[in-house]
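The structure's right below; bear with me while I get my questions together.
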Amino acid sequence: MLQEQAIVEECREIAEGIYALRFRSPLIAKQARPGQFVNIRVDEGIDPLLRRPFSVSRTVDGTAEVVFNVVGVGTRILSEKRAGEFLDILGPLGHPWEYTTGFDIALIVAGGLGVAPVPILTDFLLREEKNIITFLGARTSSWVAPLNMKNLHIATEDGSKGLRGTVVELVSDYLSSHNVERPKIFGCGPTRMMKALSDLAISKDIPCELLLEGEMACGIGICQGCPVEVVNGEKRYELICTQGPAFDCRHIILPS
Amino acid sequence: MLQEQAIVEECREIAEGIYALRFRSPLIAKQARPGQFVNIRVDEGIDPLLRRPFSVSRTVDGTAEVVFNVVGVGTRILSEKRAGEFLDILGPLGHPWEYTTGFDIALIVAGGLGVAPVPILTDFLLREEKNIITFLGARTSSWVAPLNMKNLHIATEDGSKGLRGTVVELVSDYLSSHNVERPKIFGCGPTRMMKALSDLAISKDIPCELLLEGEMACGIGICQGCPVEVVNGEKRYELICTQGPAFDCRHIILPS
Amino acid sequence: MIKTSFKLRNVEFKNRVFVASGTFGYGDEAKDLVDVNKLGGIVTKSLSWKPRDGNPPPRIVETPSGMLNSIGLANIGVKKFIADKLPYLRTLDTGIIVNIAASSVQEYCDVLQELDDKEGVDAYEINVSCPNVKEGGLSFGTDCDMTKEITERLRPLTAKPLIIKLTPNVTHISDFARAVEEAGADAVSVINTVVGMAVDVKTKKPKLSTVTGGLSGPAIKPIALAKVYEVAQAVKIPVFGIGGISSVEDALEFLLVGASAVQVGTLNFVDPALSVKIAEGLVQHAEQNKLSDIGQLVGALDANVEFSVLQSWL
Amino acid sequence: MIKTSFKLRNVEFKNRVFVASGTFGYGDEAKDLVDVNKLGGIVTKSLSWKPRDGNPPPRIVETPSGMLNSIGLANIGVKKFIADKLPYLRTLDTGIIVNIAASSVQEYCDVLQELDDKEGVDAYEINVSCPNVKEGGLSFGTDCDMTKEITERLRPLTAKPLIIKLTPNVTHISDFARAVEEAGADAVSVINTVVGMAVDVKTKKPKLSTVTGGLSGPAIKPIALAKVYEVAQAVKIPVFGIGGISSVEDALEFLLVGASAVQVGTLNFVDPALSVKIAEGLVQHAEQNKLSDIGQLVGALDANVEFSVLQSWL
């Protein structure tokens, strides 16, 4: 973990309102593991005050990339960054997905901007020589499709692209019609999707780690601002920023 | 007076840390009189919260120009504006210099960024067919010199450029060695300079109007935030933004 | 047609958006920039019996997302207001709420009585954030008994709506709201500015001539919302929500926590047309949410009240 | 060599810059990012007798130039702190101030006594912004008598510096400062967070699970400065100035109005290295201004005190 003034290498719109920002940081590029995030100070001023957390999406040649949706003032400012500007970045942060042991086939399930960490996850799974099946919501598939996605299945709710239905229905159908040996689900997306995915994983008795989001002030465990309720823990809450963002779906109670 | 989203036509650095920003506004260009100002919202956010006031420096072909020094966050943001961006502008505001009657020869005396309104003042004085003698501090003379300045006298305190001494000493010397018929002083600059200028005007019995600055929240007379102490007024204070910024030097007590 | 109006005692205001005292002059200065006839009303600058010069400069300083002021209640005095400003205000098709400031209970009464038979005054807002000269300059507004006494003394003097504007600089603002409700106030305005200060580290001098001043603007919006919420839970009379409103969403927040109407203050300096935009935005919001009356938003907060006892454990 | 240290009772702190309670965890989390040995000290997260889960999410919401929190004093409890955190803290070359929270006077005493014979604890800071369970959850900190009682009860239990951290959510904070000074406190910390709230207008729900929370960050800096100034005028014991500090200039403002030391809070989340930058920046400032002791800045405000009585006329 370090705080640095990284140089922006590129910031481009990859789909409507969705941007990929790449910055130079050999250390983050080297240390980041799938599911970890960086906490970015979008502006040197004091409004907006807090850093904004983003999953590391890819790491290439000493650079790291984040992919984000413009939803408010912070992401708007970030989307206006240009190559050569400096960006105050803290990272890599958080507890990554367990991508090495306990499974043979990785089922990656991402909805919406949950697609962001899928490229880095795929990279590391491939290094571990795992089999991968990827289920994505459609919106950003045009960006990730040309990357290293494996066995890509795409869903849209209206069936306009890929299969019709939610991404979780897609996984469910797939599991019903295929024999998947020693699978593990890697989930990332909106809370509602994660809930459905968690239910599916539990009912099918498949290991499943979900990447959570939540309001964060610090991202490094010093503010206690990012609790998630857990079962069978020492305490009632754990911190998303340091004990997560990757959590075993059986360990957490997703907020309703 | 109007509030409008004006398009920036140009923003260029004219001397170190000093910028000229030109925006399209046929109405302000038409209505602005020498000494009036515009109040600019430098950013659509809420920090910095307040507008920033700047003298109208020139008006050309439906555009108006302001000239400013980068001294803080607002002027920094303003200096980064690019052609084509929108700028929320309120203006023209304030009570201008009386540039039409009561004198034949205009002595324009500007120190520091007080040079900003000199070009528009010169334009209007010329239209009134007044004689003009201009006394400037050196720093921005390279920018104004090629404009329409008349009978330009430049001073620097160290004598490195123009005459050695303060701009007020320059005027004083000039008045001692020349016979100036029906003069009037138009002063603009730092408070200390304005004080000396005021003293000079009073001792030589010359009419003199000074352009004041001061903290402003609204610029339009609704906050009572910009008082200047006056003598022989109905009240103890008048408002710089509406009753000024141009004041007869005999009417005001400059803050110490 | 969406109902936008709301009634206070015997006066119907066209809608629930006002401009706050001291942030819109006497209502005539910004007439080229704002169509005040689209507002619920204008609250005037505080008026005292005699004209007041106000404080020496600097009176204004910007702070993070806010500003401090110490205007010193500079005003033209009630008589000049009646002679010079009221005739114009009378021609407007909007509510005119005259704000009154004073340094003694008697002065409050005198100013109100001077105004009460004049045409064009719809209601009074009483600024109790003024130094009580008898008590060595301690603010009336931080003394619950004094605040109540002012209300009790003013109540019999007028049949028009009497609004007491409360200061946030007290421990339990709801005590003050209850006291003035009991004393017959028709509404409360919440909040006036929060005491604050700023220092110029180069000169080592305070940035305001009076050392401390009043903090306003978006910075105080969270504080104002909490105070409005506290007051709205405590009293039945309507609350004017004030503090840092800079958007339609901000206004909605105030309505949801229990304000019956809102006042736009500091942001008038930044965007004089904002109050009208908010009035229009509320109507749009009502349309989109199929409301027939903006009043349906008032106090519509979906809060788990049980949890709120946890608040003291921050 | 410029003197940076300052003494509180029997403890010498290396310099006048600290990190505030609840904004730096237990001091070990950010060790890769900040060299805490360059600070005057660390104030720990508030500790209670038993571990506390804290409040449900959301606990955090950003506001204009600030943030609201309602952590609910989530903490590991004093015993686990002693077992798991103190051994590491003991290895540091910086002051360790343990902050204590409790829901009864007895609990304050118990926590302090549990700590008092442990090596590595330099001083206590008492967070009185906690609900007094006996009084139905009303905060100790808004009750001057309770605040005094806590101080009186704790004073005989320790020879170490006892710092009482005051809440700004009261009418006259100087009354509280005087009360704890009388009761034997060695210093006061000013301020804790300001009560505030925020609403999600889409869901109509409060943005914090507890409805209201504590406002911190640059937005409250003007309020904090005014409170520190008020307290510093009222008592002789040192004041820790806290509230929205985001730069060396901000720290200077607090020193000038009378703080003997400062604590950096919310800004640790934004720039974990800020406190060290401020400690270094103060030394530079002293060099540039030819001061031999940072202490020369304390209370060096050049204020015209006569004017400050005008403050109530905002």
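For clarity, chains are labelled A, B, C and D in written order, and residue numbers in each chain start from 1.
In the analysis below, a contact is a pair of C-beta atoms (placed from the backbone, for glycine too) under 8 Å apart; a residue touches a chain by one contact, two chains touch by 3 or more.
Just so it is clear, the structure is predicted and the values come from calculations on it, not from any experiment.
*Asks:* Could you name all chains that are in contact with chain C and with chain D at the same time?
*Replies:* For chain C paired with chain D, the chains in contact with each are A, B, in label order.
*Asks:* By CA centroid distance, what chain is farthest from chain C?
*Replies:* Most distant chain from chain C: A.
*Asks:* Please work out the Cα centroid separation of chain B and chain D, and write it as a whole number of Å.
*Replies:* 47
*Asks:* Taking the mean of the CA coordinates per chain, how far is chain A from chain D in Å?
*Replies:* 36
*Asks:* Where the CA atoms of chain A average out and where those of chain B average out, how many Å apart are those spots?
*Replies:* It comes to 55 Å between the two C-alpha centres.
*Asks:* Give the residues of chain C touching no fewer than two other chains, as numbers and ranges.
*Replies:* 56, 64-66, 69, 71, 217-218
*Asks:* Which positions in chain A are in touch with at least two other chains?
*Replies:* In chain A, residues 46-47 touch at least two other chains, as defined above.
*Asks:* Report the topology of the inter-chain touch graph, choosing from line, ring, star, complete and other.
*Replies:* Shape of the chain contacts: complete, all pairs touching.
*Asks:* Note which residues of chain B are touching chain A in the complex, please.
*Replies:* 45-47, 73
*Asks:* Quick check on the complex: what are the chain C residues that touch chain A?
*Replies:* Its residues touching chain A are 64-65.
*Asks:* Quick check on the complex: what are the chain C residues that touch chain D?
*Replies:* So the residues of chain C in touch with chain D come to 55-56, 63-66, 68-73, 101, 129-131, 137-139, 142, 169-172, 192-199, 201, 203-206, 209-215, 217-223, 225-226, 229, 244, 249, 252-253, 256-257, 300-305, 307-314.
*Asks:* State the interface residues of chain B toward chain C in the complex, per the touch definition above.
*Replies:* Spelled out, the residues of chain B in touch with chain C are 1-3, 41, 46-51, 88, 90, 214-229, 235-237, 242, 255.
*Asks:* Over in the complex, which chain D residues touch chain A? Could you list them?
*Replies:* 22-25, 29-30, 32-33, 45, 51, 53-54, 56-62, 64-67, 69, 71, 74, 217-218, 246, 266, 268-273
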